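Chain IDs A, B, C, D, E and F follow the sequence of writing; residue 1 opens each chain.
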Amino acid sequence: MENLLSQGIELAVFGMGTVFVFLALLILATKFMSALVLKYQPDQQSPKTARAVTQTSNNTLLAIISAAIIQHRQQNK
Amino acid sequence: MSQLVELWQTTGIYQITLQQFLMILIGSLLLYLAIKKGFEPLLLVPIGFGGILSNIPGVDIAVGQGILHQFYVMGLETGVFPLLIFMGVGAMTDFGPLLANPKTLLLGAAAQFGIFTTLLGALFLTDIGWFDFSVQQAAAIGIIGGADGPTAIYVAGILAPEILGAIAVAAYSYMALVPLIQPPIMRALTTPAERALVMTQLREVSQAEKIFFPLVLLILVALVVPSAAPLLGMFCFGNLMKECGVVDRLSDTAQHALINIVTILLGLSVGSKLVADQFLVASTLGILVLGMVAFSIGTATGVLMAKLMNVFSSQKINPLIGAAGVSAVPMAARVANKVGLESNPNNFLLMHAMGPNVAGVIGSAIAAGVLIQFAS
Amino acid sequence: MSQLVELWQTTGIYQITLQQFLMILIGSLLLYLAIKKGFEPLLLVPIGFGGILSNIPGVDIAVGQGILHQFYVMGLETGVFPLLIFMGVGAMTDFGPLLANPKTLLLGAAAQFGIFTTLLGALFLTDIGWFDFSVQQAAAIGIIGGADGPTAIYVAGILAPEILGAIAVAAYSYMALVPLIQPPIMRALTTPAERALVMTQLREVSQAEKIFFPLVLLILVALVVPSAAPLLGMFCFGNLMKECGVVDRLSDTAQHALINIVTILLGLSVGSKLVADQFLVASTLGILVLGMVAFSIGTATGVLMAKLMNVFSSQKINPLIGAAGVSAVPMAARVANKVGLESNPNNFLLMHAMGPNVAGVIGSAIAAGVLIQFAS
Amino acid sequence: MENLLSQGIELAVFGMGTVFVFLALLILATKFMSALVLKYQPDQQSPKTARAVTQTSNNTLLAIISAAIIQHRQQNK
Amino acid sequence: MSQLVELWQTTGIYQITLQQFLMILIGSLLLYLAIKKGFEPLLLVPIGFGGILSNIPGVDIAVGQGILHQFYVMGLETGVFPLLIFMGVGAMTDFGPLLANPKTLLLGAAAQFGIFTTLLGALFLTDIGWFDFSVQQAAAIGIIGGADGPTAIYVAGILAPEILGAIAVAAYSYMALVPLIQPPIMRALTTPAERALVMTQLREVSQAEKIFFPLVLLILVALVVPSAAPLLGMFCFGNLMKECGVVDRLSDTAQHALINIVTILLGLSVGSKLVADQFLVASTLGILVLGMVAFSIGTATGVLMAKLMNVFSSQKINPLIGAAGVSAVPMAARVANKVGLESNPNNFLLMHAMGPNVAGVIGSAIAAGVLIQFAS
Amino acid sequence: MENLLSQGIELAVFGMGTVFVFLALLILATKFMSALVLKYQPDQQSPKTARAVTQTSNNTLLAIISAAIIQHRQQNK
């Protein structure tokens, strides 16, 4: 049973160590990646924004069409 | 007449055991918690219902050719269900707050202390003869502290399928209990001034960074902890589908139809492990207690790590967001926000807490990789 | 030259048998009925098309490693497909009208007479030497009278897979023919005054009742007829997901993506049982005739039970809604409504008929459980 | 063959009996459940209604936004 | 200390081979092409990511019990994934332009020359000792020229699974490269006057014709080339679901949830064939070169056939639409339209090119049937 | 090896032949089918159009409802 506990302690030490080392490395890697990206694409506009714009226009279009139909209806009354 | 006796003997009233009756009550309790109390209903409704189905006497549902056993063999024995869920979760995760403040990754590391101390606790309880957990079982119990459902189910399915039911129930119940478990610990370990600390606003993160991050993460996993690659690989794949912007129809399906289908089947499969003779054992009680301990320690070490970081860094972080490092996305981040608002009504921590929150997912997946590597 | 002969011998024109040709015609007929006549198209389009595919000469589609045979092995031999369909149907079912008037459950019981008299009929035809049905086959044929597709397929898959194709075709065809089969029987057994009877409006049913009902049903199944628990368990699970209000995304998927995917695969799997040598046998004719008898008897006993209940009860029910007890949701309820309107243009029976209609689903699932228990 | 028929009759009698007994029990259980529910939650408002209200408000919101856009367009003409 | 060494030996840095590193680069290249260049992202994102996952050292992902290998066994060894994709593609295909001008079917035939000349090329390279392709492998390589992803994967899965990865990568890459590969060939083989030819507008096609077409196609396949029936059968089934108008919910699911789920799983499965020891072999280079040749020849013969048809027919067709006969739907049709606009700004060929485009799908499926019949 | 090439040539000839014969037959079958359809259903209206009409009405309905809500809001101001 002594053996079981010592196996557990070993597992805990290595495990927690790996988790910390990994996430520390990930911090470095992430900062490095972000620095690279910001260096080479400083003012890149995200496609999400572009899409949002399109959608807004579609909604506007819809509103215009609705308005037209409403007007048409009112004229026919 | 003899036929009437035979007919009577096919009824459940005749065949039901006390254990099965108790398990049906437990399944009903899970449904009550899920439906009435809002405890992680997406999982606990299928798990609870599956648990009831599994304990119906005189019919094979959770064993043999029974449908729930078939789902279990198809998706849990193979690991397919938790990995597909993880892919869907990846497709729903926004790494923006983490990328804006990468050092919060350390909080996601610190909160995994709960996993390993609980592992040791389980082995200690075995050492003193209260329980009889193997190293594999202890590891699977510890992972409850990761506060991440699919990770816990994936690890338990590999290391200790015989206690999968108890582990899944504990993991999802405690994730739902985060708003009750965490605040007292958070308040005990922080001063009002610390809780009132307002953090500087996060910078905008570009699309390119969001696309590269899952790839950077994957490569690092491949180089350092390959045993975590199935879990984090599927997670990063889901996230890349979301962020790359060219496969939106796949990303949508991963976030909706696919993850919903798998959630139903996974929940029922987990429910099949609530059969009386597997669940109603002494070790279940130990698992439930140890799981709670794991959550609490993870919360505490997350908060303490945040305070430690403030000692060394000029850019202060509110220690409350350390508690979000256990994962339990997005519940833990909301709790950090709520406790922060109590001390300072202008202190909006939600986005700041999302960083350690998703870091906790990565942290516990790494821990899972180590446990699978060395304990299996 | 010899190669040209070899090439010619690979063509379908060279290899096709008369039987295969006939089956392709039958598959086309099913498509015609589904597309042009609107006969249960969701099932008959895949079944009909699968039937054509299965009879293409010289290529393994419905046997061996063929795709339809793989679907069959994956979903029908295991029972997975009909059970998932049943879950989806549960998620689409509203028990409100039944809860508002629970005594209509008896109508759903009475309409199952069709199942058991047909079972006896099949055994009688065997007794006099016209056919050679086993008890298992007779039970599977009887269940056509349950007027419930997934139940019929589930039972046939367990008791008599060799006649699954004919049973599924009969079940779905007759469900589509309900507007033709039922009205003459309903008119013959009722007076115009009975048909004109206006029922009192149904009371509002609370959310809580709708949440508890599937659980009450499940517990009763567990205690009384456990062998019906796979079918009704999945059904109740689907219904609970719908009603509990906290897992709407799962309920939506169960009602749409999941049930649609399974319907496609189930239909094709059933089509794989339309291979000529299994379908073009004398017993198929017997199955078709007996299935029609089962439907007619179920309709009649449903109506007669309603009249019987009116003898003993002060709160009268329109006997037409008894015919809806065969299930065939929601077609049979619509038929009851339509026939009722003929006698009294202000007599809206639709909601009243939905009670016996869903009761019929429960009734035939219980009958299925009994048959599986005692005939297998 | 006699045996087959008698087996069938037995199956039919027990089967039909079980169906009736079960559904009769279900009537009792359902009535009992409904009575309990109505006793303890007499005026419970169903969540469905609450949701419907929200949706209506959303639609109203949409209409308001549409109206605003329409007005905006008309002013810019 | 020894444990630290052991820990170090579990890392990927310690275990990775040069081949695996190269394959991870290739996977990243595929992701780059898919995300940044828009190369068939729906397939190349999952394939590229799967390729990276498959080459992570020290963990079973693409072999044994690994998740990608399980997907492979489940869906590619059985043929289920490409056939379900084909069903979904059928449900998205509009045969209207083809029905309005059926003689464009011949263009879809002519473009399959690429398949068979490449097959011969592969065997010639084996003959002169540069490579060592079997007839099965040569056939699977040839099918790249069919410019149809699921067909290529289906054939390769049956005839030569060991080179499936290279074939799928080649097929999807070249389909994405159609706008670069085709125009020079098209310009070289046509005069400006030919390219400027304006075609008469297509007639309206009735709903009934669209419903009957998949059935006519299916029957003809059954009679003439039964070995193509699994592929074209599922394709026609999808198309019938779309056109018949009575199973819209099934058609919607086949076009969205189902095809998306299968696309994710198929892509990852194909990625599992990018393991270093299977992909980094000399034959891969041969496959990539031969695939390019196949595409080019198909393009050329399509154009030439159009010119030949103009010799014999009074109703002239613009030879550019012949290039669309390779399939690569809808990319090749768009390319034809674009090249046509260069010569005549009022020349809208898109709808005219859709006819040969979908004809090319049929043509390569027929070719696939012949190859499976005679080469397996 | 000679054998391999000749096998390939045979496969290519038969394969290409089959593809052409099949698609030629398909042209005939398609033309025959279209002729039959046009003969027996010359002026069939496609259900798609019917559905499109319904949808348009729905949109109109929506526009009307929106107009009503807008008016209602304006009156309440």
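The rule is simple: a residue touches a chain if its C-beta (ideal position, glycine included) is under 8 Å from a C-beta of that chain, and two chains touch if they have at least 3 such contacts.
Here the structure is a predicted model, which is why all the values come from computation and not from measurement.
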Practice problem: Just tell me the minimum hop count from subunit B to subunit D, counting one hop per pair of touching chains. | Solution: 1
Quiz item: Which chain has its C-alpha centroid at the greatest distance from the C-alpha centroid of subunit B?
Solution: F
Self-check item: Chain copies touching (subunit B, subunit E) - same or different residues, decided at half shared
Solution: different
Self-check item: Chain pair with the higher count of C-beta pairs in contact (C-D, A-E)
Solution: C-D
Quiz item: How many angstrom lie between the CA centroids of subunit E and subunit F, rounded to a whole number?
Solution: 21
Quiz item: From the C-alpha centre of subunit C to that of subunit F, how far is it in Å?
Solution: 32
Quiz prompt | subunit B and subunit F: spacing of chain centres that average the CA atoms, whole Å | solution = 47
Practice problem: Report, in whole Å, the distance between the mean C-alpha point of subunit A and the mean C-alpha point of subunit D. | Solution: 38
Quiz item: Which subunit E residues reach two or more other chains?
Solution: 221, 224-225, 245, 257
Quiz item: Which residues does subunit A have that touch at least 2 chains other than itself?
Solution: 14, 18, 66
Quiz item: In their complex, what parts of subunit A are in touch with subunit B?
Solution: 1-2, 4-5, 7-9, 11-12, 14-16, 18-27, 29-31, 33-34, 37-38, 41, 44, 46-48
Exercise. Could you please specify the touching residues of subunit D with respect to subunit B in the complex?
Key: 10, 14, 18
Quiz item: Can you list the residues on subunit E that touch subunit F in the complex?
Solution: 98-99, 102-103, 105-106, 108-109, 112-113, 115-117, 119-120, 123-124, 126-127, 135, 138-139, 206-209, 212-213, 216-217, 220-221, 224-225, 245, 359, 362-363, 366-367, 370-371, 374-375
Quiz item: For the complex, which residues does subunit E have touching subunit A?
Solution: 3, 7
Practice problem: Provide the residue numbers of subunit B that touch subunit E in the complex, in ascending order. | Solution: 78-80, 83, 87, 211, 215, 218-219, 221-227, 229-230, 233-234, 236-237, 240-241, 244-247, 249-250, 252-254, 257-258, 373
